[in-house]
Every structure is written in structure tokens, then in C-alpha cells.
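Next come the structures, one after another.
Heads up, the next two complexes both have chain A, just with different partners, chain B and then chain C.
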Partner chain A sequence: MKQKTTLKRIGEWSRDNTNLILLIVMVLVGALMSSNFFIWSNLMNLLRRITVNGVMAIGFTMTLLVGGFDLSIGSTLSLCAVLCVGFENNHGSAAFAMLVALAAGCGMGLLNGFLMKLTRGGSGEAFLITLATSMVAGSLATTYCKGFDLYGVHAAWYQAIGQKSISGFPICAIIWIVLLVAFQIIIKKTTFGRKLLLCGANKESAYLSGVDVGAMKIIAFTIAGAMAALAAIIMTSRTTGASPNSGSGGDFDAAIASIIGGNSLVGGHGGMVQVLIGTVIYGLITNILNLVGVESVVQYIVKGCVLLLAICLDNLKKR
Partner chain B sequence: MGSGSFFDIEHISKSFPGVKALDDVSFSVAEGEVRALVGENGAGKSTLMKILNGNYKKDAGRILIDGQEVQITDPLVAAANGISIIFQELNLVDNLSIAENIFAGRLAKSGRLVDWKDINRKAKELLNRIGFDADPRTEVGTLTVAGKQMVEIAKALSRDARIILMDEPSATLTKNELDALFGIIRDLKAGGVAVIYISHRMEEIFEISDSVTVLRDGRVIATAPLKTLGREQIVEMMVGREISQTYPGRETKPGEEILRVENLKRRDRQQNVAFTLRRGEVLGIAGLVGAGRTEVMRALFGVDYITSCDVYLHGKKIQIRDPKTAKKAGFAFLTEDRKNEGLTLDFTVKSNIVMADLRKIVSGGFLRAKKENDIAEEYIKLLDIKTPSVNQKVGNLSGGNQQKVVVAKWLNADAEIIIMDEPTRGIDVGAKLEIYEVINRLVGEGKSVILISSELPEVLGMSDRILVMKDDAITAELTGDRINAVEVMQYAL
Partner chain C sequence: MTIVKKLTKDYRIPLLTVLLFVFMCFARPFFPTKANIYALTDSITAYGIAALGFTFVMLAGQLDISFGSVMALTSCCFMMILTKVGFLPALLIALLMGCVCGAVTGFFVASFRLSPFIVSMTMQLIYKGIALTITKSTPVSLAYPALTAINNCRLFGTVPVVFFLFLLVALAAEFVLRRTQYGRNLMIVGGNISAADNLGLRTRYYLWSVFIIQGFCAALGGIAMMTRMFSASGNLAIDGPLNIIPMVIVGGTAMAGGRGGTIKTLWGVLLMNIIYNAMSMYSIQASIQQLVKGLILLIIIVSDKYMENKNAKV
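== the complex of A and B ==
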């Protein structure tokens, strides 16, 4: 009898923590496949590589929590990347270039959020709106750089963001972790965060309780745009270049990371712990597939399946 | 059991978290019988219907047709077993034709293509059979509600339905349309179809039915031939108590006028409404469904568009643009759709209670869990909300306790004027009484309540003053001795 209840408790715990279990499994697989896995430099390397996706996933999760999602952040990343590299090349000021990139990111987010407010939309509207704006952003990126890749990130501090470490920790990873903590506090501990979750869980009751649902959507989507710009800055500082396709698939990657980490598709539930777990899982999957030698194009078969699995798990939990 | 009977329901029970919706319900209907199914709101009629249609799974009991047990797992199985249900909100596709709606999912084919000629001919035959003169190619969206009901009946017949349930079919019909419907029901009866007729209107029940089954609080109170019963007896069985005892009295008297609404006009309806509200008053709004009661309040609260509205609060003119400004002005709105509009069902009791005024749980810029718990505990005690803990999901509470959580939410937002739209809908009798006591406590504390209700005894029993609405206009203001059913119905009809 007692054993049964213990088993039951274990069963319930594992149902509620499938994402954590998956993370542990991935770590074990990684450790088995490479003896160098637990070496500090390898771990830091992994961390450095996942931060771009991790920052993107923060933004994506904010839009998910408010009851929508943003598929345009990949194109926004491309736009911000070419703007950032292009403006630094042309005007010589990295700070100015980053401000331009951030402004462009926020602008795209603002546009999405405003359209979401206008249509009083949920997930369905979000899909089509951000699909449309992603075409706009992608086209703007290609137009700006005339279809060519841009090279050269000159300022030393700009390069440092993606390449240097502080006492062993990659700077970009520190930025990411700080953002995760900050957003987790915002979501769980501020009135804004609570309103965001209320909108995502039931926008009718939120509206009728006096929550400005439209404003919440605008803020969440603007944050997503800003995160895409930040991801662009980190990415370009590492690769010292940008192409109009820099961010293609980035929205998809962020979505997988956010959902596989345990964020609910319907909004109102989740947070940055899930983003952390999901981003690491997703990074490990990529890492392992690379180790096995699966081509990056083929990897999307596996990644697509992982996203489907995550969606099924999310629905199973609700039953 | 079930030997030789046509349609039997045996010992059906169904529980939802916190509510026993059906408790050991049994009755039988014979071939060609018209059975009236009556009961108050929340008596379990719609739950029973949804079980028969396969929308809900029953917890216990059996359903038998011709003495054979049938397992109804979804609406298709129900249809295959000859059970057809005509819901109040009709299940038709507006932009398809009558014929397409009748034969949806079963379009006849010649070869690989749909045989429209055959389908339209068959549809026409069905329409003729029920005496509904319409071209089967007409788009359903262009029909009146009565017309749509005819299409639903034709659809039921096309599936060889042997048991047809009608959920308050008369609610939206004119007298002539109703007579036509009764003609059809008599034809169905002659053809051996059993009809279960759900209605609140006693005249209709006595006109069309052979027998009646009374449900109350999920139990069958009686099943009897109508000949043996009088109207008062049925009402008594439905209500199960003296009506006057249901409403707790209150000592307090309304004070000075605090709210004056003038010129309230909506963009989409022909409304021009004006009224006042006093401190500590319960203002009842009576009228038939569709009279525009809810619409007026939604406009006042800023939910829907209004073209003009002059609102004076304590003599000062205020502007209400949306629910946010309405809340700031001290208004609260308990909508009729508690589950979707009043609550966030999969959030906890405490987060629902504090959601309309989060500033109360903030200190130093951050939300404080302790303050949230304290406020929630306070209201749970004050309103006697029955919940295992503040961390329980609101969706798991019973209807009455959910409604109390909505009240708590607005009290926490310091509401002065509380608009309640059907506050006791779908709530069992005991919990209703508690809601009435909550209303009395509110007005006792100097708050004012606007009470919209379709249950006439409730408006009569609770209000200090009643406004009667009809066709988007206020047709009467009743006070004192004039607060009675006759006066209200005179102005509502």
C-alpha cells in the first residue's frame, strides 16, 4: 500500500517534470557520447553557442505567455544583424549601430503587438500577423544589404560580447543568465507579470477585470522584438558578419526551446526556468547530432519531431 | 426492468467537481409519447441532454432503447441510435443551404460526385412532410429562428430519429410559429416518435404533452400523466419550497442617489435608457431574454461600444471608456458567463481574488505572496467560500463558490456599484441562498447592487425597486406594492 503511493507520487512527479527528466537524459547521452563532455571548456563552449537561441526564446516565451506567439523574430534577427553590422561599418560607432538594431527590433515588435491589439487576436491571429511581418522584416533585411553578406565587426568591446569571457564565463552567457533572472522576477513578482499571465490564461476575464489586454500584448511583443535585436548583436559579435538569412529558422529554434522546456502553448503558464531547461535541451540535441555527424539540414527532421513531441507532452499534462 | 418499453433511462448519475448534477435519474418514455421535462435552472436538464447526446460521459446508470442497453459515446452514436437533440443554440451552418445542413456528412453521390438533384429532392420531401414551405437550396443564414428549427427537425427526421429532444424550442418563436411546431410534434407523435419537450412555459406543456417529468437538484421528483396534475403542483415540485421563504429579508433602506445614467445609446441597438441608483439599494432589472438588459450593463461598464452615455456618479459627470475606467470609478460587473468572463479557471482561488486590484498585494515594487494569501483568506472567511485552500484551482470549486470568488474579486477592488448579471445561474438552491445573503450584506455595508435575473421570483424577492425592460427600452419602474409578478409581466411582454 505504502509502496503504491510512493510509486504513484513518482509517477505524478515525472509527469509534471517531463522536461527536467528529458534534460537529465540528454546530459547523460552527451556524457556517454563524449568523454570530454563534462570538461569546463566544453560546457562553456556549449553555453556560448546556445545563448543566441536562449535570448530569442526569452522573447518568444513572453509572447507565448500573453496568449500569442511570434514567428517573425527570426526575420527580425536578420534585419537587426545586417543593420548592426552595416551601421558599424558605415558610421564607425558600435554603440550607435546597436541602438539602431535595438530600435528596429523594438519597432518590429511594436508593430506585431499593435496588430495583435487591433485584431484582439489570439494564437490564430498571431500566426498570420507575425508570418506577414516576418516577410516584411526579411525583405527589409535583404533590401538593406542588397542581398550580400556583410563582414566586419570592428570595435573590440563589440567583439568581446560574443567571444570573451569574464573569469571563465562567456560574457554573452552572463547577459543571458541575467536576463533570465530579471524576466523570471518580472513574470512572477510584478503586477505587469501577473497581468501578462492573466491575459494569456483568459483574456476575456482579464479585460473585464480592468486589465489593459491590448497594452500587455504590445509590451510582450515589443520585448520579443528587443530580444531578437539583442540576439542579433550577440550573434554578429561572434561571427563578425551578418547575412540577410542570419536569423532564418531562429523563430523555429526559439519556439522549440521554449515549448520543450515546458511552457504551455495556451498561455498563462510558464516562465524563464522553462526557457533555461528548454534551451539547454535543445543545445544538447544540436550538439549530439553534430557529434554523430548529422548534417544541419537533416537535423531539422529531428528537431521538427522534437517540437511535435513537446506539443504532445504539453497536451498530455493537461489531461 | 425495461421489458417492452421503448426508451428507458435508468439510475443515471453525473458529478462535476463540487456539484452533483444528476443523482439517480430514471424515467421511461413510450412510443408516440410527448413528455415534458421541467425543472428550474440548474436542475440538471441540460446535463441529461448532453449525456443523451454523448457530449458528457455518465458516471453511472444505463440508457435503453427497445430494452437494449446502448452506449452513447458521441453525438454520431446518439444519431445512429435514433436520438436527435435540438439544442436552443441550433447546430446549423449558416452559410450552407437547407439541404446541405440536413444531409451534412451524408451527401448522396452518383459515382464520385455529389448528387445535388437527389439531395435537394429528398430535402424537399422532408420539408413538405413537416409542412415547411421553403426551397431546399436557401441559405440557412437567411431563415428566421423558427425556420432554422424546422431545418433541425427535418434533419432529425432524415436520420430516422425515434426520440427527439427539444430544448426550449418556444423561447424565440412567435405564436403562429409555435402553432406550426405543435402541429409537427403531433405528426411526429402519430408516426410513433417519442418527443421530450423541455420548457418553462406551463401553457405549452399542458397543450402539447401527455406526461411530465420534474427534475430538481439533479433528482427526479415525479413522473406523472399531465391529466392528474395541476399547474401549481408542478411549480411546487419544481421549486420544492414556498417561494417567499427563499429570500432572506433585510432591514436596511436605500439612501441617497449615487448614480444617474442618462441617454445611454448603443451603436448597434435602438436603445435610449436612463435610470438612477441609490446607496444601499438593490435595483432589479427584469425582462425576457433578449430584452436588452445585459447589453445596457455591458455598455455602462464600457465593454461594448456606446454612442453616447451621460453617467453622473455622486453628481459628478464621469467618462467610462473601458472596464478599466469603470473599475476605477467603483463599478464591478459580475457577467452572466462566470466561467469565461468572470474567472480564470485554471488559476488559483487567491490569484482570482486579487486579480482586479493587484496594487493591494504589492510592497516595494514586488508582489508579496503573504499579502496575497492574507487577502484571499480574509475574503474566504468573509464570504464563507468553501475551498480546501487558497491554492485550489477555481475551476474545481462548485458554481456557488465560484460566484463568491467573483464577488470577492470585486470587493477587493473596492467596488461601490456592483452589477450582477444572472448571479445564481447554474447554482444549486442552497448556494443561491448564500449568494442572496452576500447581496444583503453588500447593501448593508452601503454598496449598491444592480441585479439582472431571468428568474422572476429572484428579482421580486431581492429588489428594492425594479426596472422592467422590453425591446431595448425601460417600460416600467416598479416600487413597493407594485413589485409583483403580474405587474412585471405586464410590462415585459
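== the complex of A and C ==
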């Protein structure tokens, strides 16, 4: 009898923590595939590589939590990347260029949020609106750099963000983890965070209890835009270049990372712990596929199947 | 007076299309030339046929953005097997494959009741991956005699014959929607799915069917594209959804489902393509054209959704 309850408890725990189990499995697979897996430098490299996607996933998760869906962050990333590199080259000031990029990111996010408020939409509306704004942001990026790739990041501290480490810890990863902790606290411990989750869970009841649902949407989408801009800054400082297509597919990656981690698709459930788990799982999948030597085009299929599995699991949990 | 009212109310889009066409004829002397009419009708066909399938999906209140990759996948397969099995078998296999792709997407939406947006986004990734894998990321180019023969076959001296295929499919689809039991039931399912369930309709079957129709139309559109491009790649029609959604909505098919038709879509396709053609006539840069397309899409979606949710509190 006692054993049965323990089994039941294990079953329940594993149902609630599928993502954590997946993470452990991926780490084990990684360790088996390569003997160098647990070496500090390999782990730090992995961390450095997943940071851009992780920062994007933070923004994406904010829109997911409020009951939306942001497909435009990939194009916003491209736009901010070309603006950041272009302004740094033309005006010489890295700080000014970053401000411009952040402003552009927030602007795109604000536009999405405002349109979401205007249409009183849920995740379906968000999907279509951000599909359209992604087209707008992408064409703005192409127009700004006239279709060419931009090269050259000059300021030393700008390059340091993506390339340098503090006592063996990559600076960009530190930024990412600080952001994760900050947003986790904001979501779970502040009134604002509770209101945000309430909007995602049930916007009618949120409205009836006096929460300004429209404002919550605007804030969440603006955060997503700002995070895309931040990801663009980190990415350009690592690659010291930008192209109008550099963010294409970034929205899918962020969505996969966020959903694998266990954030609910309908909003109201989830947080930054899930983002951390999801981003690491996604990074490990890519890493392991590369180690095995799977072509990048085949990886599309694998990633698609993983995302499909994650969606089905999410649906199963709701039942 | 009633005629004017009826015209402006029910035939807004056809009227606008004709007016724009006439205006362009006078504004730009190159517009009504044979070469441009050929370019216009030739570029409409592929996305037009896919838009007809998309209309079915929208009528059922669903959304499928994976059809661009279905077009790529089926046309890649079509071009790869063309020399081995001949034109007609290749055509049949490609159409069947489109149906299968649609059926897979539809299975997840209809049976698991997953959100069609996210499922189709995922399936787009998978289909694109398969297409790129089987072609080894290189375009498949082939000037097959049957394809060039279709390309050279032009009616009235300038309009390609595949354009008439598009018109034919539009008429047939409209007949199915208006005159058959299936079509009327589909409208009910799209208008109010729980009401349809209570009426005893097998809603799951109807949801599934629209995705299969969409897959079929995407495959047909992909092959129509092959008759003018003679080259398929995994990244073909990747912007298809962004181009087609405005056409269908401008035509007057509601995103919420239950209202609209394929003849309306036909006018929407014509209008949007004349606008795109007109932008080229005024030599607007490609990236600016893309921006205009995006803004048009944005305005259409926002106004449609705004009208739909106008009475909701949040």
C-alpha cells in the first residue's frame, strides 16, 4: 500500500516535471556522447552560445504569460542589430548606438502591445498581428542597411559584452542570469507580476477585478521588444557584424525554448525557471545534434518534432 | 439608387478592383500592354490557387501558415520524380503528397484540439526541413517538355492557360461551398463550432477536411508555380502566408470563420496583385514594397479583429 502511494507520488511528480526530466536526460546523453562534455570551458561555451536565445526567450515568455504570442522578435532582433552596428560605425559612440537599438526594440514592442490592446485580442490575434509587424520590422532592417551586411564593432567594452569573461564566467551569461532572476522576482513577488499572470489566465476576471488588461499587454510586449534589442546587442558584440536576416528564425527558437521549458501556451502559468530549463534543453539538443554530425537542415525536422511533442505534452497536462 | 447602394455594399472589392485597373490603364501606359498583363496573370496563379485552399481553412475558423512549405515540399518532390515517372504520375503523386501534408497538420488540430497557429508553425518548420533535406539544400531545376508546353500555351495571345485553371478551381470551390451539403455544413462549423456539434455534425471530420483541401490546393499551386519557374527549392514560397492572408481577408472572408467564399477570394487576389503590380509600375524599391505589404497586412488584420471584438470589454 505504502509503495503504491510512493509510486503514485513519483508518477505525479514526473508528470509535473517532464521538462526537468528531459533536461536530465539531455545532460546524460551529452555526457555519454562526448567525454569533454563536463569540462568547464565546454560548459561555459555552451552557456555563451545559448545566451542570445535565452534573452529572446525571456521576452517571448512575458508575452506568453500575458496570453499573447510574439512572432516578431526575430525581425526586431535583425532591426536592432543593423541599427546598433550601423550607428556605432557612423557616429562612433557605442552607448548611443545601443540606446537607438533599445529604443527601436521598445518601439516595435510598443506597437505590438498597442495593437493588441486595440483589438482586445488573445493569442490568435497576437499571432497574426506579430506576423505582420515582423514583416514591417524585417523590411525596415533591409531598408536601413540597403540589403548589405554591416561589419565592425569598434568600442572595446562593446566587444567585451559578448566575448570576455569575468573569472571564467562569460559576461553575457551573467547578464542573462541577472535578467532571469530579476524577472522571476518581478513575476512571482510583485503586484505587477500577479496582475500579469491573472491577465493571461483569465482576462475577463482580471478586467472585473480592476486590472488594466490593455496596459499589461502593452508592458509585456514592450519588454519582449526590449529583450530582442538586448539580444541584438549581445549577438552583434559576439559576431561583430549584422545582417538584415540575422534574426530570422530567432522567434521560432525562442518559442521552442520557452514552450519546451514548460510555459503554458494559453498564458497564466510559467516563469523564468522554465525559461532557464527550456533554453538549456534547446541548447543541448543543438549541441548534441552538431556533435553527432546532423546537417543543419535535418535539425529543422528534429526541432519541429520536439516542439510538436512539447505542445502535445502541454495539452496533455491541461486534461 | 438601390443599385448604387448594392454595388457599394456587396460588390465593394470587385468595384475597387475594376476602378484601380482602369485607373492604372490611364495612369501608366505600360500597364495595359500584353507583356504586363501576362506578367500579372502569370504571377497571380500559384498563390491564387493556394489562397482558394486557404479560404476553406478560414471559413472553418482555422489558420494554416504551413502551406508555403507544403508548396515547397510538393514542388521539390514533383521536380525530382518528373523525369523518372512522367508528367501525369508525378502530378498525381505531388497532389497526394499535398493532401497527406494537410492531413498531418489537420490531424493535430482536429483530433488533439491544439491551436492551429502553433501546430502549423511547427509543421512549417518540419516540411521545410524535409524539403531541404531531400533536395540537399540545392534548387532542382528542370526544363521538362510538358512544363514548357504548358508555359507556352496562352489564350487570347497573352493570358497563360494556368490562369484559367485558377478561375476554374475558384468556380468549382464556390459551387462546393454554396450548393452542396458539405459546403453549408462547413459554414456552420466555422460560424459556431459548438452549435455545429449540438446539431450532430461531425466537427472533427470537417476541421480535418479543410486542412486536406488546403494541402491539395497548395500542391496544385506549387505545380502551377513550376510551370513558370522550372525550378524548385526548399525555401520556395516561404513568404506565402504573408502574401496570401491579405488577399483572402481583403476579399471578404472573415477570420472568425463562417462568412466568405472563393469568388470573394478571387477578387481579393486580383485586387492585391494589381496593387503590387502598380507599386512596381511606379518603380518603388523592393524593400519599401515589402514594408507597404506588411503595413497593408497589419491594417487589414487590426481592422478585422477590431470590428470582431468591438463589443468585448478586454
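Worth pointing out:
The rule is simple: the second predicted complex is superposed on the first by the 319 of 319 C-alpha atoms of A that agree within 3 Å, B and C clash if a C-alpha of one lies under 4 Å from a C-alpha of the other, contacts with A are read in each partner's own complex, and residues count from 1 in each chain.
In the analysis below, a residue touches a chain if its C-beta (ideal position, glycine included) is under 8 Å from a C-beta of that chain, and two chains touch if they have at least 3 such contacts.
All values derive from a computational prediction rather than experimental measurement.
Of the two partner chains, chain C is the only one that A:Glu125 touches; chain B does not reach it. When the two structures are aligned on the shared chain, A:Glu204 is found in touch with chain B and with chain C. Of the two partner chains placed by the overlay, only chain B lies in contact with A:Thr191; chain C stays clear of it. Using the contact criterion defined above for the overlaid structures, shared-chain residue A:Val297 touches chain C, although it does not reach chain B. After superposition on the shared chain, chain A has more residues touched by C, the comparison being chain B against chain C. In the superposed model, A:Gly268 makes contact with chain B only, not with chain C. Shared contact residues on chain A (touching chain B in one structure, chain C in the other): 204, 206-207. Chain A meets chain C in the complex at residues 69, 71, 115, 118-121, 123-125, 127-129, 131-136, 138-140, 142-143, 146-147, 203-204, 206-207, 213-214, 252, 255, 265, 295, 297-305, 307-308, 311-312, 315.
Listed in rising order, the residues of chain B touching chain A in the complex are 301, 303, 322-324, 326-328, 333, 335, 340-347, 351, 355-356, 358-359, 362, 365-367, 409, 413. Across the complex, chain A is touched by residues 63, 65, 108, 112-115, 117-119, 121-123, 125-126, 128-130, 132-133, 137, 234, 241-242, 245, 255, 285, 287-288, 290-291, 293-295, 297-298, 301-302, 305-306, 309, 312-314 of chain C. Of all residues in chain A, only 185, 188-191, 193-195, 197-198, 201-202, 204-212, 268-269 touch chain B in the complex they form.
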